[in-house]
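Here come two complexes built around chain A, the first alongside chain B, the second alongside chain C.
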Partner chain A sequence: MTLNLRTKKIYPTGYFIKYLYKMLTLWTRIVQASFIFLATESIGVLLDPCGHISPESPVVQLGSNFTAVCVLKEKCMDNFDVNADNIFWKTNHATVPKEQYTIINRTASSVSFTDISSLNTQLTCNIYAFGQIEQNVYGITIISGLPPEKPKNLGCIVNEEKNMMCQWDPGRKTYLETNYTLKSEWATEKFADCKAKRDTPNSCTLDYSPVYFVNIEVWVEAENALGKITSDHINFDPIDKVKPNPPHNLSVRNSEELSSILKLAWINPSIKTFIGLKYNIQYRTKDASTWSQIPPEDTSSTRSSFTVQDLKPFTEYVFRIRCMKNDGKGFWSDWSEEASGITYEAKPSKEPSFWYKIEPSHTHGYRPVKLIWKTLPPFEANGKILDYEVTLTRWKSHFQNYRVNDTKLTVNLTNDRYIATLTARNLVGRSDASVLTIPACDFQAAHPVTNLKAFPKDNKLWVEWTASNESVNKYILEWCVLSDKSPCIPDWQQEDGTIHLTYLRGNLMESKCYLITVTPVYDDGPGSPESIRAYLKQAAPSKGPTVRTKKVGKNEAVLEWDQLPVDVQNGFIRNYTILYKTALGNETAVNVNSSHTEYTLSSLTSDTLYMVRMAAYTDEGGMYGPDFTFTTPKFAQGEIEAIVVPVCLGFLLTTLLGVLFCFNKRDLIKKHIWPNVPDPSKSHIAQWSPHTPPRHNFNSKDQMYSDGNFTDVSVVEIEVNDKKPLPEDLKSTDLFKKEKSSTEGHSSGIGGSSCMSSSRPSISSSDENESGQNTSSTVQYSTVVHSGYRHQVPSVQVFSRSESTQPLLDSEERPEDLQLVDNVDSGDGILPRQQYFKQNCSQPETSQDISHFERPKHVSSVSEEGFVRLKQQQISDHISQSYGSGQMKMFQEISTADDFGPGTEGEVERFETVGMETAIDEGMPKSYLPQTVRQGGYVPQ
Partner chain B sequence: MQVQLTWKTLLGLVLGLLLLSMMAMGGCSREYQTLLLQMQQQAKIMQNTSMLLDPYIRIQGLDKLDYKEHCKESPGTFPSKDTLQGLSRKGFLQTLNATLGLVLHRLAAFQKKVPHITKDKDQDWKQVSQAEGYIRGVRNNIFCLTPLLNNSSEMVTPTWAGPRTLPPPSLSADAFNHKLDGCKFLQGYHRFMHSVEQVLSEWAEGPSRSRRHSPHWASQGRAHRMRPSRRAKRPV
Partner chain C sequence: IKIELLGILSPLLILHWEHGTGSPLCNTPDNAPCVLDHPCDSNIMTQIRSQMGQLNSSANDVFIAYMGQGQPFSSDVDHMCGHGLMSFPPFHANGIEREKLVELYRIMVYFDFSLDDTLKFQKTLYPNDQNLHSKLKSTMDILPGLLSNVLCRLCSKNNMRLTDTIYGLNISQENVFHKKKLGCELLLKYTQLIPYLAWDF
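Right after this comes the complex of A and B.
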């Protein structure tokens, strides 16, 4: 309304008033109805409801029919203008169909429901006030459920001195609050009811102890809103339902007289004064889990002690006891607290297991024998073993006794046969003797067991064998773990001679290889041992085999591997599996017998990388080793040789044929490639100088040098053509060339080649070119210097002139000759050669000596320094020897200067340079006339 | 415990009890022998001084006393064994019932003198209460057994003709003597129950040993089966 007024729409006044009136009426009714509704719902207690439903709080049995009636009050009917026709019903806010309504009269209407199935239903009676406003008049809750069933199986138990508890089966669920009451009475009096708790509707405990020997009648009454029912009555004497308290203070005592008994004593429960009791006595050894029971007929009467017999000596037993009414009526008490006791000792019931080992170290005539035995298990020791007594008998009259606390004894025995006996002693007595024959040294063991087998079963390792035909006293079973890392430390056990199947009573491990040995023991000593390997439980190997190639061929490869160490085998290797594949191909598997250690893979592809891996399998699985790769070669073995050898042979043959061909055609070849060069020694110069000494025979070097004479040939090459002056660097190079020539002692330029220059290829190459050019345009002269023998001045100075352009073959090809010449230079011949050099390079003027001392600044080459020094040394040497002319004095001065002044070197250089400059001084006219060589000076002629 | 009952009172009680038994036998054993054995066991329990006298002595502080010297049964307080053996079965049961009723009466008077809170915690008081329950149990069994003794001739057999009244309370105002009276009374009670047990044992041995006591075996079972109502009221 307010909203409507706030709108700005303008309506006609009449219409507005009419509308307002209508709205006011409606709102008045709504508010009125709401008020009534609220009043009815919220404060119904304070306000008088418009009607009511009958029944008010119905409890309906599930599955039954139900009818409710709503009665309106007259006042309300008038106020709201309603009657019974306007009543409608709702269950859980859902309107009930009108078909279920019945109009009883103007004020009452009923609704009927069949087969009620809902446990809780909200039923409301409603009206339409003023014909259109829904209004709740009254509401009820219909509770549904079931009546209690008759309790069954009622039974009671009387806990001695405490209470009586009765139990029953309450039957089906009622869905309603149901009370169970335990009722009890005597003929002469009733007892207080016992109401069962809500959470335990099937039992109730009376908090008093009933009187015995008076029959009591007990029953259960179950009651809820839908009914009440009682169980059958039971009538009993509480003493017949009693559960006694357990016997207490149970004690156990042994007897020194009898090691097989224990005496029990206890205190009976107080109910013993009313009734006779019978007992259950149970016992077990301390470590056992199951109980043994004394026969009930032995404990069927009231008592407070009992002697338990047939027990094992020196064994701890645990006892417990319970009781009940001896006529069997009632219930067993709880078990008493356990009590334990130990039977007294008895003498050991069995002899210890006895065996021996002969130690490896032998002394002459004696052998160390280690006697070993096993401690008796408690059930055979029958007490604490105080010590063992060992007796050794060699002959029947010879005894050796030992008392040992340990379980081994090492004795040195002779090589004779011994009988060893062993007894164990405890507080009460000795065991029977265990006898062992230690045979003589020369005893030959025989008669082994046959068909020795070992197999695991039930987590034990069983050993089975077939006895030999001989009478066996006992068997000794020894076993140890086979390992590559640790030695075999055997454990052992003894079995009777009648046993053919037993299991190893040691702490065996899985996946370990055991070497089991069975030795029969006869009267005269042990028989031959038989061994077998076995596993308690196999597993897959810890590691796989490492495969490698033994040989790889073009189409096959031989793989090899080592047997797996026993420590990683974990079982018997049954087979190997080899998997191999190429980089792209499928994997191929090959199974190989476990006895093999190599395998040949065939049908491989050449020049291919193969990857191989290998697994070893036991019965329990396999393990792969590391991957291995190899490549097959492109060619098979010998294939290369088959190709190369023929090729080589062919080449060799071709070469041979070529050589033969060349040999046959050598003249033709020589003619074209290697023309004949005239022999200078056969040239006309010999005729030109008729005094040529016959030793100038170039064909024979031996002859040439045999007498130590030296023939020096110097070829002076003079350019006829004008040449432009060389640049400085080239000059220096030229100088170097000259210097080289001088170092060699000689230069050769005749015919473009020199017999000396060819030994220095790095320089002579240009020389040769140069000389090659010059050869054709130069007139060659040669001066043959024939030095005197042993510093003797030759009487005749020979000059020869060659017209030949042919190089001096022999000396050209033999650079060593230069060396030889150098050596000769260092001797007597140095001075003439030096002079000769100067002769070639200086001006033919008498004052030349002066002049080249006056030009100290002209040339200085660092590279020449060593050479100069050498020359200086040589010069000084020569001076020091025999020359006494004025010129020699001059050299002596130089030498002295060299010794004392830094400028000496330069001076020497200058001395050298003068000659060279002279040689390259193109501006000056050169004399090509033969020169007379004199000792001690050079005078151009 | 200074209750004095007359013969008329006792007889009235017994007759009333019998009358009621006809109406309600709920909780009773139907077997004569069973009832007999139960009563025997009850008598055996009751003769034990640990059931009543010992707790009483401790409660009264008489435990340092040589009660054997001072707590001697006053003669004539309870019927002797011979007396009981001389009674008919019904007379025996009536005598037993009446005597136990008097004991209960005296025990109730004794218990009234001690604060309730103390009794709950004390084991001796619990023992006294248990003994009281056993006495009521004996009387219940008498109630159950009596209908089974369907011998009209014995109905007229007189009961115990000894002292018609229980011993009067000691005239001594001395509290110690008062305690001793109770002690003597209980001593007599245990002795009496011993006698009862012996008599009942004779009953159990059969008619050959006691010609006077012969229950009507044939009728007893039927009587139980024909029990009109299992509802019973307390006879006292």
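Right after this comes the complex of A and C.
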């Protein structure tokens, strides 16, 4: 033991560790093996199903029926106390209705499905263990799909030097893994199958090289879980399905001898060694897009070169070639790479276009002429043009030669006629000469073309015209862009004399207005040019017209606008559209002819804001200009004048008529407005006696006022013995009193104390005086002193007067009278004095017209104005005397003939009536009743 | 030139025919009927001629490619390669079609085996000579088709099923030089014979 230990001790440490490691590894492996063994046993027990489903892996055709059977194991049935009655089926975790179950026996139950439509269905057989616990017994997956269809359209192609590939149409989708196998065989030998790849089930490429000239039979076999089907067999020689490689190394070279040919050469594909080939050769010019093809019958045999003819000189051509089996079986190869070559030069085939322009600057006897010509297009130049030769001939004798590299030449020519010729030269030769006649200065151009038209078509601008009856050598077409911003820089082209329709070959732009001029060229010189405007393609204007108002009326507005500049027109302006509306109204559109530049909007509403916008239309659309607003006025122009002027005229006419009327009726007016006041001084006191009986019939006014110059005289006596308030009409009188009181200082005193014999104050005195007056009913009014008038000697009479407050009119206060009154006043009523009755001269008409209650007031006013009017009357009388002495004479006669009594009497009679009415109406005591004045006296009542 | 060459080669073919390279059996030994998987094409003789032409078009290239390997064969071909192949099958150009087809079949089988051996040797000896390899391969690809057509023709028309054993060149035991020499002799023979056969068919 010790030894062993020793022995063990003598083991090196490293060895011991290695030993332990080995032991540990061994035990680890044992444990792992034991675990795996036990686990496997356990899983085997656990995974042991209670039954199984038959069939295990069904593949069902879509739409077909399917039945599965679940068979339980006896052991399981005993353990879980179940039988086939306890089986229930599930598909994708959904329980299958029991109607689809069939109990076959105690251990087996089947389920049936009709019209399987799901591609993958999980079907499980389940039981309720111990009647409650749901437990899965077994499960299968039902795969559904379709059997393959018969492949159709099988065809093969043999790409040269590659393996043969066959294609077919696999038919409908099967939803199952379907294998397509291409089978092939000779009559004596079968070949290996070619299995189509999963992603390309419609083609397969054989593994072996095709063998030509041996018929091979090919077919396709399609197979999946639901069936296998074979396509039709095709039998062919692979050489008849060959697609050769394209010819290569195609080269092109020209011939100096012939400028119209190019020689092609190529290398054929190797298959050409044992089959015949035919070719397609195509060519085009370098700038062309379409190919021309050599006739196939010319290239139907194997060859490696070909000469292409009938080509244009000095033109670059591009070629390509392809080939196929010459019997037409098989496929065309791909096109070869393109090769190009240029045909050799030839002399220019046509003379250059030739024209001239006479420069505007003339010197004496000479004119600068600019000869211009066009470079020949390549198909006419037939080579590189080296230079141009210009010859100028004057009268067939003297000529000048110019060799020019440019395309223009300016020469100073005399005013004579010249013949200019032009030729173009290239490496091979010269073109024909282009001849142009430059007429003399005095040449008159004539014979223009007619019916000149220009129209766009196929993105070209075509020009058409009708030739004149003269023989035309050629036509010169010139055109330029019309612009307001840049000058017209013309381009030009030449057409043969037989051409009547051509298109402009310049670089034309759309939406530009071109001015096209056609000039016929005759033997003796150019004819008259004709011009027309045209667009290659019209567009809507770039800007719309700017509209403005020219005149705005109450119900109309005249709009005006400028024609659009040609730069923004972009086409022919066909019409304008004016849109106008109010702030809230609908927009109204008006179309206006393009020739107009103004338009009148009518039926507008006055005093309304209008917004106007205007569009100009070409054939391709329109463009609106800026909006413009204006407001219609409230009144039309002259409307106010139309109202005011007639009114004024009417007023003036009325006034004039009134004046005329007044003039015609001046006597009547005078009578009523400022009647002639009888001059009391001319009266005869003797006639005033109250005892003097009336002499006239007062009712006969005509007799009284035959001349109309004599007015009424009234005396009103108002008895103030009643303390009752005054009626309204008399209040005015009261007011009058007050006024008189206020104006007493300058009162004339005629109607007042100044005329009174009594020393008592006049009616303008205080109320105390008035109350004093109430006590006496009658007072002496005046004493007429017969001092005589104009040296007459009157008889003295004493008149008693009532206490009337009726004032005497100031109008009576003539200067001489006033003076007289003053004298009387100064005499303080002691001296005999002249006294006048207040003559009712204060506008008798007014007194008659106005209401009775206003009368006192008018009396007052008259008293103030009467003086003035009296003055006027005096002036008028004075004028009347000067102009109508006869009339005045009549007045004097009447006055002096003491016949104004009747007029006065009549007036008094009316006044009396009024006064009576007032008294009756008011029921007042008639203390101051108007007194009836009879001519020649005054009788107190 | 080819016609003249063919006229010279015809007696040579007969002279070089040896017994042991196969016996021209025209019928199946058990008299079993000849069965084809599908009928032969009606113009199968044309196809045979085309195949001969196809071989003829490439034969010279194959030989040139072989000679491209250099000396000593390229300098004196006739001396080095013109006297071998004593076991080459005979061909009688004046025979009937059936006999000619049978002889053609044997010749082509001979070439097929021999070229296969040669290609294998060349691939070992000159693995980078793809030109020669591809040409040999192309030629060998044609031969099965030709043989199939011949068999189909013999079967369909003459009810013949060829079952005789034909051997090609046995170069496995030779040294490298001799192998190369045999290859040269084979291709020279091939180049000389194919035009003649192509012409005759």
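Rule of thumb we're sticking to: the second predicted complex is superposed on the first by the 490 of 941 C-alpha atoms of A that agree within 3 Å, B and C clash if a C-alpha of one lies under 4 Å from a C-alpha of the other, contacts with A are read in each partner's own complex, and residues count from 1 in each chain.
In this text, contacts are C-beta pairs under 8 Å (C-beta built on N, C-alpha and C of every residue); 3 or more make two chains touch, one makes a residue touch a chain.
Everything numeric in this text was worked out from a predicted model, so none of it was measured.
When the shared chain is aligned, chain B and chain C each come close enough to touch A:273.
In the superposition on chain A, A:461 contacts neither chain B nor chain C.
Touched by chain B in one complex and by chain C in the other are residues 185-190, 209, 211-215, 217, 233, 235, 237, 239, 273-274 of chain A. Those residues of chain A lying in contact with chain B across their complex are 185-190, 209, 211-217, 233, 235, 237, 239, 273-274.
For chain B in complex with chain A, the touching residues are 21, 24-29, 34, 37-39, 41-42, 45, 48, 130, 133-134, 136-141, 143-144, 230, 232-236.
Of all residues in chain A, only 185-190, 209, 211-215, 217, 233, 235, 237, 239, 273-275 touch chain C in the complex they form.
Per the touch definition, chain C reaches chain A in the complex via residues 36-41, 44, 46-48, 50-51, 53-54, 57-58, 138, 141-142, 144-146, 148-149, 151-152, 155-156.
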